[in-house]
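So, here's a batch of structures to check.
Two complexes follow with chain A in common, the first pairing it with chain B and the second with chain C.
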Partner chain A sequence: MDKAIDTILSLVKTKSEAGEVLFCLENFAGTIFLSKEKPPIAEYFSRLKQELADELIHTFTEKVSAETSRSEAESFLKQLQTALRNCKILQLTIAFHPDDETIALFSSWVKKEIANNILLDIQTDKTIGAGALIIIDGKYKDYSIRKKIAGVFQIQKDEILGLLSHAKQ
Partner chain B sequence: MLIDPIIFIFLTASTAILTVILLAIVISYAANLSKFHRVQQINFQLQAELSQKPLRLLEDAHGKALEIISQANKQANEILSNSELYKQESQASLKEKMDSLEKNQQDAFHKASQELQEAYKIILNQVKEEDINTLKNITKDIESDAVSEFKEFTNALEKETINAEKIAKKEIDEEYLLLKKELDTYKQEQLQKVDEDIYSVLYRVSELVLSEGISFDHHKQLVIEALDQAKKEQVFK
Partner chain C sequence: MKSFDHYLKLTEEIGFVEESRQSLVYVRGLPNATIQEIIMFETGESGIILSLTSEYAEILTYSKYPVKTGVRATRTGSKQEMPVGFEVLGQTVDSFCNPLNVGSTFTKPKVSRPLDVSPTGIADRKRIEKTFETGVAIVDFLVPLGKGQRELVIGDRKTGKTSFLYQTIIKQAKLGTICIYAAIGKKKADIKRAEAVFKKHGIENNTVIIASGAEDPSGIIYLTPFSAMTLAEYFRDEGHDVLVVMDDLFTHAKFYREIMLIGRRFPGRNAYPADIFYLHARLLERAGNFLLKNNAEVSITCLPAVDSVQGDIAGFIQTNLMSMTDGHIYFDVDLFAKGRRPAINPFISVSRVGRQTQSSLSLSLNREIISLLTSHNQIESFSHFGSETGPDTKRILTTAERIFTFFTQGATEVTDTNLQIVIFGLLWLETWQEIPTMEKDIEVLQKTYLESPQAQAMVKEIVASSPTLNDMLEIVKKRKYDLLQTMGVH
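For the complex of A and B:
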């Protein structure tokens, strides 16, 4: 894969971000090669986060320059769009609302430990207590504290009920 | 040809016979006719005689009848006069006898009615006394019957009441045992339910306490640990 694409993918953390990027790329593709009076490239990616936007602007400024042909630029654009659409989605259900730093932490772990083309889809569910529920490629795994507590209560049910009956007496 | 003479003879014989018969008839007719004339003559004579005799007879009879009638009238008048006298006498006598008879009858009726009244009074009193005695006897019988029946009823009622009491007591005891058993069962079920509810509450409280007690960094750490665990379990492959 093109290194530029790889770099961009490493900066796209979540599924929603990927959607935003694709939206911007659609607009970019629709106008950059057609209209003579085109806006600055930065304007196409203004809605994105700074780091990602900067990378995209830098990349496309290079690609859509006098040295590169239009077909090359279009090809790159399509490759980037395809790469984004082909990314795997890792659905992560956690017990709290993550901030950007936390999302970046999880995303960097995933891209480092698993693959660069994995996007996070973070859901919040307080009932799991802590930990996470992971869904990827149709596989489901429960690593929440709720499950651990349920396991403890199930295993030690008799002991707990014995304690209750002692307490009643 | 033999036939013709026979026929001739036959015809001749028959003609002769018929002639003879005819002659006989004529002769008898003539005789009868003359007889008839004679009889008719006699009849006319008799009629003439008869027409004269009744007149004389009638006259004789009429005269006798008149005589008889006058005699009868005379006798009738005598009888009528006699009978009128007799009638008056008999009427007077009848009236006298009727009066005496009426008086006798009145006396007899009066006497009879008095006797009847007396007899009726006596009988009425007798019947009255008999009825009073009968009523007294009936009342006594009714009283004794009522008393005996009431005693029987009281005894029967007492017996039934005791039996009913025993049955009721038995049923109440059985019902009580059944209810007690049901109550115990219910109590056990409710206690078990309470245990389960407490268990659920403990479980939920544990969840809440643990989740609330965890810091934000610890949460992040737990997520990373979950991802690590998933990687170890090759979930991402």
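For the complex of A and C:
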């Protein structure tokens, strides 16, 4: 894979972010090669987060320069779009709304430990208490406290009921 | 079935509905899913996997309404099964053994069996040697069937196919066979009619109706004949002879075609999918005559019905089914229009294995009747010109007319083969000159036979002591007066 694509992928953290990048790339591809009076590249990526936008602007300023042929630039754009579409989604259900810092932390761990082309799809479900539900490639793993508590209740049901009835007396 | 969460915890695999096309649903995920596995949706619906690609699992749902996109799905790790047991006798159930009648006190059996299994191998099968009585004289004489035979019942709509199937069920249930009537995509009124007929004849405790209505989801209709065969295999393994009636496989083929076209399978002849032959052949191959482990011989006789269109029996599904069964009984729309009941055309009907089960007396009877009716067919066209006919020709014409009268039966009337043989003897000996007298006397004979054990014994004795037709005619000639007296005809 092109090193530039790898760098861009490492900066895209979530599924929704990937959707936004794809949207920007669609706009960019639709006008950049057609219009004579094209807007500056920065305008196409203004809605993205700073770091990611800077990387895209930098990459495309190089790729769509006078020295590179139009077909080369088009091919790069298509490769980037395909790479984004082929990213695997890791659905992570947690009990709280994560801030950007937490998402970045999750994402950097996943990209470092599993693969660079994994995007997070973070969902919130307070009923799990704590821990996480993880879905990737159709595999489902429940690492929530809810499951653990349910397991404890199932195993020690009689003991717990006994304690409760004793407390009632 | 347990809850979605239970199966999710068990298999730890999940998928998401990406596309929904009527009863077909495409799910992404479920990495270890297998063909025919049951899939459970979080909304409570379920379905079976029809096909798998690297990206999607194609699922046939049992839901009336399409499953929404984004809904979660999980594997169950099990193939489609159906509860089976003697508890279902006398019930009308759906393809999953759920009672269809509101307020039914029926409890589902505990034992379950998979719906789609490979047919039993040749080592456990046995040559068909026992006669299968239908209670319809023209079939028992001219197109005889054997226990374990698969006989196609073919004919245009409203030509009496279902009545014939009811008659066969009535006769067999009275003889102790367990009868399973699979009503495939039928109207509710038709299902109720079947229930009423079985109840009227007191055979409901030996019959099961497995029904799917025309308004049911395609997935349920598709499974109906498989459920019937699964139940039949259970009773077979319990040592009972079983009759499975599939009414009808043309409707089944049409629903399967609908499912496959929605699934964008390449349409073959008449837009049917390429595996329609395989599907029906695999189903019908599960019937036959079997040898159980305890050396007991038991059979699953199968009577699939199929509609023909304007008397054309060369349709795709019709010829497919003809080639995978051991013969066919053809209901002729022209004979029906002429008033012949049942409107079975013995010249177009075929029984490939039934004849080997017949006694020498029945065989000689069969030969005589066929020979006479063939001559009648040849002569009949000339007789229309009004030309003068000789005494031999006249005899053939009048005897054939009597035979047709003798074969005439009401929609749910069933007859005893021994009695039919003796009546035929009387007819052959020209006992009756006038047709109305003959009709009246036959009615009396049948009534007396049912009521009088003495008459039954006499008829049985005559048939048992007659190895050939000539012997039988000789005995009937000698004992004619005595016989008619005993049977109440004066």
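What we mean here is this: the second predicted complex is superposed on the first by the 169 of 169 C-alpha atoms of A that agree within 3 Å, B and C clash if a C-alpha of one lies under 4 Å from a C-alpha of the other, contacts with A are read in each partner's own complex, and residues count from 1 in each chain.
The rule is short, and it goes like this: contacts are C-beta pairs under 8 Å (C-beta built on N, C-alpha and C of every residue); 3 or more make two chains touch, one makes a residue touch a chain.
Quick caveat: nothing in here was measured; it's all calculated off a predicted structure.
> Is the arrangement of chain B and chain C around the shared chain A a clash or a fit after superposition?
Chain B and chain C fit side by side in the superposed model.
> With both complexes superposed on chain A, which partner does A:141 reach: first (chain B), second (chain C), both or neither?
So A:141 meets both chain B and chain C here.
> Touching A:96, do we find chain B (first), chain C (second), both, or neither?
first
> Give one of first, second, both or neither to describe whether A:42 is in contact with chain B, with chain C, with both, or with none.
A:42: touches no partner chain.
> Once the shared chain is lined up, is A:130 touching chain B (first), chain C (second), both, or neither of them?
In the superposed model, A:130 contacts chain B only, not chain C.
> Go through the superposed model and pick first if A:106 touches only chain B, second if only chain C, both, or neither.
First partner only, chain B.
> Which touches a greater number of chain A residues, chain B or chain C?
Counting residues of chain A touched by each partner, the higher count goes to B.
> After the superposition, what is the least C-alpha distance between chain B and chain C in whole angstrom?
Value for chain B versus chain C, nearest C-alpha atoms: 10 Å.
> Using the superposition on chain A as set up above, list the residues of chain A that contact both chain B and chain C.
Common to the two interfaces on chain A: residues 137, 139, 141.
> Within their complex, state which residues of chain C touch chain A.
Answer in residue numbers: 8-9, 12-15, 28-31, 74.
> Any idea which chain A residues touch chain B in the complex?
The touching residues are 90, 92, 94-96, 98, 102, 105-106, 109-110, 113-115, 118, 126-127, 129-132, 134, 136-137, 139, 141, 143-146, 149-150, 153, 157, 160-161, 164-165.
> Name, in rising order, each residue of chain A that touches chain C in their complex.
135, 137-142, 147
> Spell out the part of chain B that touches chain A in their complex, as residue ranges.
Per the stated touch rule, the residues are 195, 198-199, 202-203, 206-207, 210-211, 214, 216, 218-220, 222-227, 229-231, 233, 235-236.
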